[in-house]
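First the structure, in the form of structure tokens, and then the observations on it.
Labels run A, B, C and D following the written order; every chain starts at residue 1.
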Amino acid sequence: MDKPSASKESGNSTVRQRLGAMFSRGVDAVGGWSSRRLLHELQQVLNSALSDVEGGRHAAAVADWYAQARPAQRRECWLLMSERFPLDDSAIGAAHHVYRQARGTGEQAQAEVNLRQAFSAPRTRLLQRFSAFSGGVRFLVDMRAELLPELRRDKRLAALDSELQELFSTWFDVGFLELRRINWDSSASLIEKLIKYEAVHDVRSWEDAKNRLDDDRRCYGFFHPRLPGEPLIFVEVALLREMAAGIEPLLDVEAAPADSNKASTAIFYSISNTQAGLRGVSFGNDLIKRVVEQLQSEFPRLKLFATLSPIPRLRSWLESNIESLLKSAPARTRQALGRELGLATAPAAADMLAALDGVAGWPEGSACARWLLGAAAQYLGRGLTPEGRPLDPVARFHLGNGARIERINWLGDPSPKGLRQSCGLMVNYLYDLKRVERHRAQLAQGKPPLSGAVEGLLS
Amino acid sequence: MDKPSASKESGNSTVRQRLGAMFSRGVDAVGGWSSRRLLHELQQVLNSALSDVEGGRHAAAVADWYAQARPAQRRECWLLMSERFPLDDSAIGAAHHVYRQARGTGEQAQAEVNLRQAFSAPRTRLLQRFSAFSGGVRFLVDMRAELLPELRRDKRLAALDSELQELFSTWFDVGFLELRRINWDSSASLIEKLIKYEAVHDVRSWEDAKNRLDDDRRCYGFFHPRLPGEPLIFVEVALLREMAAGIEPLLDVEAAPADSNKASTAIFYSISNTQAGLRGVSFGNDLIKRVVEQLQSEFPRLKLFATLSPIPRLRSWLESNIESLLKSAPARTRQALGRELGLATAPAAADMLAALDGVAGWPEGSACARWLLGAAAQYLGRGLTPEGRPLDPVARFHLGNGARIERINWLGDPSPKGLRQSCGLMVNYLYDLKRVERHRAQLAQGKPPLSGAVEGLLS
Amino acid sequence: MDKPSASKESGNSTVRQRLGAMFSRGVDAVGGWSSRRLLHELQQVLNSALSDVEGGRHAAAVADWYAQARPAQRRECWLLMSERFPLDDSAIGAAHHVYRQARGTGEQAQAEVNLRQAFSAPRTRLLQRFSAFSGGVRFLVDMRAELLPELRRDKRLAALDSELQELFSTWFDVGFLELRRINWDSSASLIEKLIKYEAVHDVRSWEDAKNRLDDDRRCYGFFHPRLPGEPLIFVEVALLREMAAGIEPLLDVEAAPADSNKASTAIFYSISNTQAGLRGVSFGNDLIKRVVEQLQSEFPRLKLFATLSPIPRLRSWLESNIESLLKSAPARTRQALGRELGLATAPAAADMLAALDGVAGWPEGSACARWLLGAAAQYLGRGLTPEGRPLDPVARFHLGNGARIERINWLGDPSPKGLRQSCGLMVNYLYDLKRVERHRAQLAQGKPPLSGAVEGLLS
Amino acid sequence: MDKPSASKESGNSTVRQRLGAMFSRGVDAVGGWSSRRLLHELQQVLNSALSDVEGGRHAAAVADWYAQARPAQRRECWLLMSERFPLDDSAIGAAHHVYRQARGTGEQAQAEVNLRQAFSAPRTRLLQRFSAFSGGVRFLVDMRAELLPELRRDKRLAALDSELQELFSTWFDVGFLELRRINWDSSASLIEKLIKYEAVHDVRSWEDAKNRLDDDRRCYGFFHPRLPGEPLIFVEVALLREMAAGIEPLLDVEAAPADSNKASTAIFYSISNTQAGLRGVSFGNDLIKRVVEQLQSEFPRLKLFATLSPIPRLRSWLESNIESLLKSAPARTRQALGRELGLATAPAAADMLAALDGVAGWPEGSACARWLLGAAAQYLGRGLTPEGRPLDPVARFHLGNGARIERINWLGDPSPKGLRQSCGLMVNYLYDLKRVERHRAQLAQGKPPLSGAVEGLLS
């Protein structure tokens, strides 16, 4: 799941609470297990003499124990799961040998079947049995959310993490997801989750939530049968008469709702993933495309589909690159910057960074503003990782989906967070379904697709 | 899916019709593809430059083409899928080498992750993309149903079959199945499927179906979100005051419904798998256990849960073993048999087999009847495959689930099919949830669990 | 409810069964009540010291008793309900006097309120309390269905009948009805009711029902929250490319479904009321209009909405009017008739009636056929009751709704029933929503609206 | 609808807003109607030449006009409805004459039918046609809510009001109401209404609402198919281990939810009617009984069902009766009161009233407290209207339902509103379903049923 935005800091503590709450019923019965007992229980989960349901009961008992376990115990559980149920090396070796012999003969297919069987790790069956009881998928997703931050520190967890991701990719296959509209008639418990999970523009109150679900808005989420009542990802859309340049009017709870039947433009102004444990499982891409199709059929007058997005790492990128940015600027520009900032000379790197704190006061057409817009265009349109992907996570997400950078808006988000991360700027990424594949091809060649206006900012 | 009963002969033609009907919309557009074109389209399905949705569109085009393809073309499609998307042998070799080196070191987990990646066949991704469009899972299940009968003749298809089964095992994981009651308020289209899929006792009319869904009956099926409106397996239950000894009263549409609140016994008298394409994916086991739990909570008076089942291969087993059966019978018995059959001497094998055609006329306590019951007890209670599994497919299913052979009923099913396959006999397999694991353990030691009465028939 | 067609003969026995089945639980408890006991219970139902719920319990007890009562006891119950809870004559007299005095003064409104109160019969409250328990409305509707055939014989029942009709008119007000589509995904129990209630063209089998619910058909019914799962009236529609001239192709279960998206014409070929007890409560009118609106929005290509209807009393009208019909025919016509019928002279009345039995063999353009079409046009287009309403019940229904007689179809229904009642003819009544009010106005002036073609048949 | 508590002041303005919003679509089309035009439109509504649907269209047009009409225009609409569609006096006179003649003869029933027809006012048909369009019932209920406060000032409106009430009594008959649980999974729009309509203890925030819908609470409402998503009345219940003595713990959002499975007592702590326009239509009575039954079946351990209720008119009753209360108190009591209040002598009426402002500071066992509890017991247990009904509206409601006054709680509600209206006291009314009818009988004899403890306060 290419996260288009930073997740909430509170994510893990919530997961922990839920893990605690969900399974607390078993507390008395389970008590404190020794490592040996835990390993024994895990082995019982995949005891092949047991039926799936019976194995599932043992899995539920492990989840019960886990719910009340201390951090160190949970960590031990991860390690046991990761290390004690590995591949059968010699069986793989033997089957691979046979397979190699069989290549090109009529026996190849059967040899592949055998190799495939030799390859199936006990861990796979172990984890699959957790899906047999009703809260089991929830448990695994939450466990992975807890586990992920530890991954870097302890390489031994990689096998468990990788296998969970693979399993989730199959379970949460896009064909199993249900697109559902969320509005003010949705359940309060669901809207409460929206408020909690919204990762781009915090929901400040129930009135704020209601405004975002009003008649001139649309909100859609993907749901999965095994995580009922839980949106995996959701997107908020405003139906407008023109491409939005700033976020404030959209979040104004006092503004009267527009007539959505007269709207020409759909603005995707927030998209939030909710399940940290599903990292690497991608569905945001499909969400946007399916929502565009949905909106087109409901509102045939809609002609333009675009986002209004932050540039969350612009400020930190500026901090790292300020020297070279200033150096590469024409002398005349540097002098104008110095003048506007009230300096005697062209600004040094430190001056410029200090000045950025006051960006909210810069006039729109000023040299400073033009310089900043140009720097942002360079960051978004030229900044690529060594693998050729956009540097900015939000750009990576939308350009990867086939969008184009359409416009960069001056002071689109003057909130403290907007100023701190994005220097107040916001971007419209344009989704033109007919050009999606062409845009993706351009990106693959290392050229993020830009509108003429954004091209202009680069020169 | 251990099929407890023979599937309908018409299975495949139905699948073919559906495959034809479902996708016929694309007929004009698709036309006849050359092998080259087909291979190209399959490669497009897993083109990694495409999004899941875009790849899914190519998969849907293949399904459209398939729907109108001739048998030989379909066969070619299977072969391409099976042979052209194999494992990457050298990548596996390399990764396996590294893995072997890393065993026991801190790098083992990452090496496993890498080996796992090397192992992922393109075919896996190919098939998964078929799940991205709405009829895709339906397509794969039906395609496998068509493919299965060809498997023995053409070994090259094994890789495709095995991979489909593995995929289905994850998708149709028991945690994703929904148990739903089916009754006369269910949709006519669903009940029509019940009539079509019923594999044990044919449903003769809508009145017959209504009788099986009456107040003193229960019918439950497992449903999956990707095959909506389609029961994967279903079971029919009668609520009675005693253990049923024969099927006729249960199928009598004239009989007045009993008062289910006074019932002490639940009789499972039919269990049918519906999807030939899901062979090897097991869920019948869980169905029975979950239905028992469901019934216990709805009717706390229920004390006994048992089946009323056919012995579908009894007659053919008798034909193969008649010589030794007669030989091992005491002389007195053989003479009695001869007398009752109106022969001058003890019957020869051929005599006995010929006489079996008239089994419906044998008096219940006669020597012939007793001899046949004994032979049936031996077949069910002693007849094991070299791997130690029961010979009879229905016995294999229920004993494998932890049931016990409780009673063999004389002329329990006097229908032509009952006489032809089971010599008119029917068995009650008893489900005692508290002893299920114990019974499974006995079976694992080569001793099918029997009631005292059935033990008695053996001596 | 102007019944467009004869109800099933079995109607009352079904009602009686249901009344028996619904309340049989109470059999033992209730036993046989004396008249005195029955009257006492009825008085308890409206005991004002009791709450609605408590009063409703007594009403339920009466319904329980009624379910097992003999015909004579039920009849007594009706009489008690009709005669023992009458208006309070003197209170009405007094209140009416005051009201007359108050007319035109500021006290008039209050005087009306008082008169209204004086007028409320205890019977009204009695019947309303039957609505307080869940099967109560069902009970009253079924009781009236039983009562209606007795009305003519026993005038004393008129008060009860009239009050029930008034109550039903409020409860079954069109605003409380829900229009629902019925198709093959509807519950089997609902489709079973369709089969039972279909009053125009008998449903011969479940296959026949399925054909009428196929993709090129639509079936809609009105439902009411107090009679759940019970269609009050339903209509069957075929989507075609031209106005249907005969019923057989529509009922042919072998015919392949047409492509409904290419249809230009919606043919209403059956409309059935289901609740005899709701006679006089009109909703068929609204059903057709709402279905036309529904179809227009789903299929914008539809341009023509018409029925294909029987002329159920044509034959009996011919029998009564054959003399004058023949007399008024031109001599040339009469001679042609005689010739075609193989008579030496023009046919006498008896000859003509006898010949009608062979109508199925008459060639379409023959003199006989033309004469019969002319007679039918006269019956439909000129035949009015003294109150100026169409003689034919189906014509009365559709013309009353604002339809026009569009075409009379030769041998549109060659079934035995069609020949026996309608001499094989069928009519298309055309619904043109823009002219509905104009057509109603024409009818009110005694001129049923006719197409030019039907006008032509009259001359 | 005996309102157990004061309605919100904002009631009417809300209704007006809704009437404005609901029908604003028609604004341009309708414009300003003259009185003549309005009368004409009303006459069209009941034009018998029109179908119900057509008449309903005119009714909808009137509602559209009304939505934007000024107060004076609305008032005129009411008067036209009330005065221009009266009873047909002479037809009633004639029919009444015939009826009188027919009494006791076989013609009586038919004469009653005729009298009934003569009596049907055009106004009835007029109002019924408003139910034919989807927002029509909503319109009538809201119109009556607006009309009710004017009733006293203008007697001419009585006929309209009375007829509306009669119509609503049939439409909102208890058999048509659906009891539904409301919890945190209910729609946000519904919970928003709860917050708005709660009339006893204001809901201060969404957290407050969530607390009242938590696992140890139950909330039920009655819903009607014609006012979808709108609770007509709702009740809030807490599941506890003992009879609650004060409201604060129940409204404490920080308190952890109790284990509802261990609860022995259900406390009804708030019951609110929501529709001012349904005044006089009673369903609160049935709500409590049905909720008790519901709770009993869900929680078989529950043994005690009681309310925790305010005494909203206690303070004003004290103000009117303070003189006689003091006079009738024993001298010793009066002296003790004076002493506790720091007065030199026994308190005068004015002193006592002034002191009541400080009731929150009175110690529980003090003479002042005991005197106040005694006065409250007298008010509740002895205070009857001339018609013999309890003075206090809440007592009237619960005693009328068959409850008993169980306990009066000192400082049960120390909120400003609680102190201002109820002097901080709260009452438990006990619902013992087995004694409901007995209690109602006692009340009918002028003796409100009291517990021993409350009896004790009276002496």
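Everything below uses one rule, namely that contacts are C-beta pairs under 8 Å (C-beta built on N, C-alpha and C of every residue); 3 or more make two chains touch, one makes a residue touch a chain.
A quick note: this is a predicted structure, and the numbers were derived from the prediction, not measured.
Engineer: Which chain is most remote from subunit B in terms of Cα centres?
Structural biologist: Checked the centroid distances; the maximum from subunit B is D.
Engineer: Between subunit B and subunit D, what is the separation of their C-alpha centroids in Å?
Structural biologist: Centre separation, subunit B to subunit D: 61 Å.
Engineer: In angstrom, rounded to a whole number, how far apart do the mean CA points of subunit A and subunit B lie?
Structural biologist: 42
Engineer: If you average the Cα atoms of subunit B and of subunit C to get two centres, how far apart are those centres in Å?
Structural biologist: Here subunit B and subunit C have centroids separated by 51 Å.
Engineer: Please categorise the chain-chain contact pattern as a line, ring, star, complete graph or other.
Structural biologist: Looks like a ring, each chain touching just two neighbours.
Engineer: Write out the stretch or stretches of subunit B touching subunit C in their complex.
Structural biologist: 184-189, 191-192, 206, 209-210, 229
Engineer: Of all residues in subunit B, which touch subunit A in the complex?
Structural biologist: 49-54, 56, 82-83, 86-87, 89, 92-93, 96, 99-100, 103, 106-110, 112-113, 115-116, 119, 121, 128, 131-134, 136-137, 155-160, 162-163, 166-167, 170-171, 173-176, 178, 225-226, 282, 285-286, 289-290, 401-402, 437, 440-441, 444
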